[in-house]
């Protein structure tokens, strides 16, 4: 079942090592079929060079495994909460990509210092609060999703398609699996350049709002004129 | 038309990912045929691995598309202003290369700390001022070109063949497309080494002027003796 | 003799340049056959591109060469002390991998700043004390092993499968040669991210103990639920 | 003439891009035939991917070109002074390798922070003083050599086989061309790790002298026991 979606999720997972976003098995991608209410996710702890499209696990939104010979990623409950909260999300990526993870470990959101950021993320990429001991010790992965939702809440979830989990690492999302991976690559690049920006100018402030607006809206929404649209 | 120039511009664009100067489609190269008064530029938002020489867009210096199935790069008006202002420029590159972009985001020009810099850029590589809200909200890409020209103005444009746009990224130029790419690679390398120089010695001053003169003039002008000239 | 183990140790040594953990010959891997009481180790100073499985040297735990045409690694006495002290250890890696070595040269242990660390190392990765002049000038490599043991002593050796030797570099270990290499890769990645974490937030504290417990125990021990176990 | 030496010098030059020590043509290697009193050096400004063994230029120690269709490297007088001053030197490398050049631009020698350094360089890798305006404006490349010699003077030239030229970049040397390249790779790796060591511990002091002695003498001199000697 869902062979086409499995293939796409497989390819999106394989893109993670290609883009240097993961070491060993430290990442996972999923995507959802909204009509069927089922999502497809990477199995837990399987090496990328042994992974096959048919290894992808099919889950429903109640956390039941519908198909698959392997256990799903241990982060599956996080993905599930995001799919339930945001109908706009079609694909989700989690990695420990080193630059974004360094910001997450520092407990800091990434300010918007320039147009590369503003082209994809409208404003700061937030860092979620730490989970409480109670949240960690019961349904940790589900609570990780709930804290992401708590942080995103007041915003349009697609205008800032990613977040940092404190002391952990990034999650990104998108319209589908490939788009979520695209945003994971962008986040890593932004995290790298923002680190260096701060070293070069410790007093730096975020880019002017008018410039952020210009770049974000040049690529998104009804007035967009970037690309071949 | 301009098949040979399209081929060269295509190759120069393809050199950007080869030299690790771009992620996804974050860059563009153009070159001009001064006799015909036409320039050739990369289309907007097309993946590098799908790009063909025949996809290059031909523009005139009034901003009219003369030939091409795609929209030209959204940065086309910036290129056009530079071609109009400086008859010496034969090719232009824009990237979001990470080291140069970090300086641009920090709002800082790159001081000349050594001979690598002085071999190619005669003095500091300037960072242009921020655009005003009015400049951003009307003809943004054209105004980006005008602010570059305002910054370069008093200098020989070819003696410092590149600039940083505040909160944005670098533009470089040269005698043709390949030479502009060459300067983009040099700028990125200089940006990296200058960052590290400042970390190692926060009190560092620019290299002595006499050394800058020696190295720049060893490679440029009538007294040059570097290479096979 | 021990052809299978030689092959595994060979492959583990060849993985070091593949994972960018060594320059030239700056690393060595060994593994032990506990039943026979013999361990197999890379020869000293032989280029990786000339290395053959049959070049691996067989040693006993008294430091006698049992088989092999080459001298064993000069670090052999360090490996031997660790095998003698810890029956749990099946394989050992020494490298001068650049990020971990930078911490070792700084004389600092690596605090646990996040889940990537906690997934593999339970608490800080310690930096051993400097050897005394006497320890350096007599049986230096053996004393390096003894100082590692002194530092590890109070802990479960497998819960923190690596250490930094002051002004020198890392040693890691594992259940076998491949697992010890795996831990060397993880250590290097953690060393890189922890460096950047401190730059981004100089006041950063280690991750909460409850989060460290959660992640370590999610992957290790009787309650583990990561992967396909 | 000197076909074998040309081949070795060619291969050593081609190793520079392989080891990521040069961008474009920013480096050169030479080697000397002491019996004939002639040295072979890379031509100036020729791309690495067009270079042939037969392009290598043969020079005598008075600066006369003995054979070769190209101009020799513009740094030839620096190489020549070093060959004249130090009969032990068989090969010389100059690069603008980014980490070593960052220290050179910062005007700082590289302290010995650990065993990786001590295995190859006995003590600090010095940074030569700036040239005076007079030295720069007359026989600049020759004077670069003389200032290197002034800095090295009191030491055994082979025990610290490299130096940083202020605001410029590194020179390394060795018993032959390949050995000089080897030392250039080591220098770059040391420069990288020493930078990070200082960031991690701004108060760090050089490694204890007794440890430096141990490691240097473990690999060099009559008591050496590293490798297969």
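So that you can tell them apart, the chains are marked A, B, C and D in the order they are listed, and the count of residues begins at 1 in each.
Throughout what follows, contacts are C-beta pairs under 8 Å (C-beta built on N, C-alpha and C of every residue); 3 or more make two chains touch, one makes a residue touch a chain.
Since the model is a prediction, treat every value here as computed from it, not as a measurement.
Peer 1: From subunit B, what is the lowest number of touch steps before subunit C is reached?
Peer 2: Step count on the best path from subunit B to subunit C: 2.
Peer 1: Please name the chain that ends up farthest from subunit D once chain centres are defined by their CA atoms averaged.
Peer 2: The chain lying farthest from subunit D is A.
Peer 1: Since subunit B and subunit D are copies that touch, just let me know if over half of their interface numbering is common to both, same, or not, different.
Peer 2: different
Peer 1: For subunit A and subunit C, let me know how many angstrom lie between their CA-based centres, rounded off.
Peer 2: 33
Peer 1: Using Cα averages as centroids, what's the distance between subunit A and subunit D in whole Å?
Peer 2: Chain centres of subunit A and subunit D, defined by C-alpha means, are spaced 46 Å apart.
Peer 1: Among the residues of subunit C, which ones contact at least 2 other chains?
Peer 2: Counting only residues that touch two or more other chains, subunit C contributes 199.
Peer 1: Let me know each pair of chains that touch one another.
Peer 2: Chain-chain contacts present: A-B, A-C, B-D, C-D.
Peer 1: Applying the document's contact rule, which stretches of subunit D touch subunit C when the two form their complex?
Peer 2: Those residues of subunit D that touch subunit C are 113-116, 182, 185-186, 189, 192-194, 196-197, 199-201, 204, 207-208, 210-211, 214, 218, 225-228.
Peer 1: Residues of subunit B touching subunit A in their complex?
Peer 2: Its residues touching subunit A are 23-24, 26, 43-46, 70-71, 74, 96, 98-99, 101-108, 130-131, 133, 136-137, 140, 167-169, 195, 198-199.
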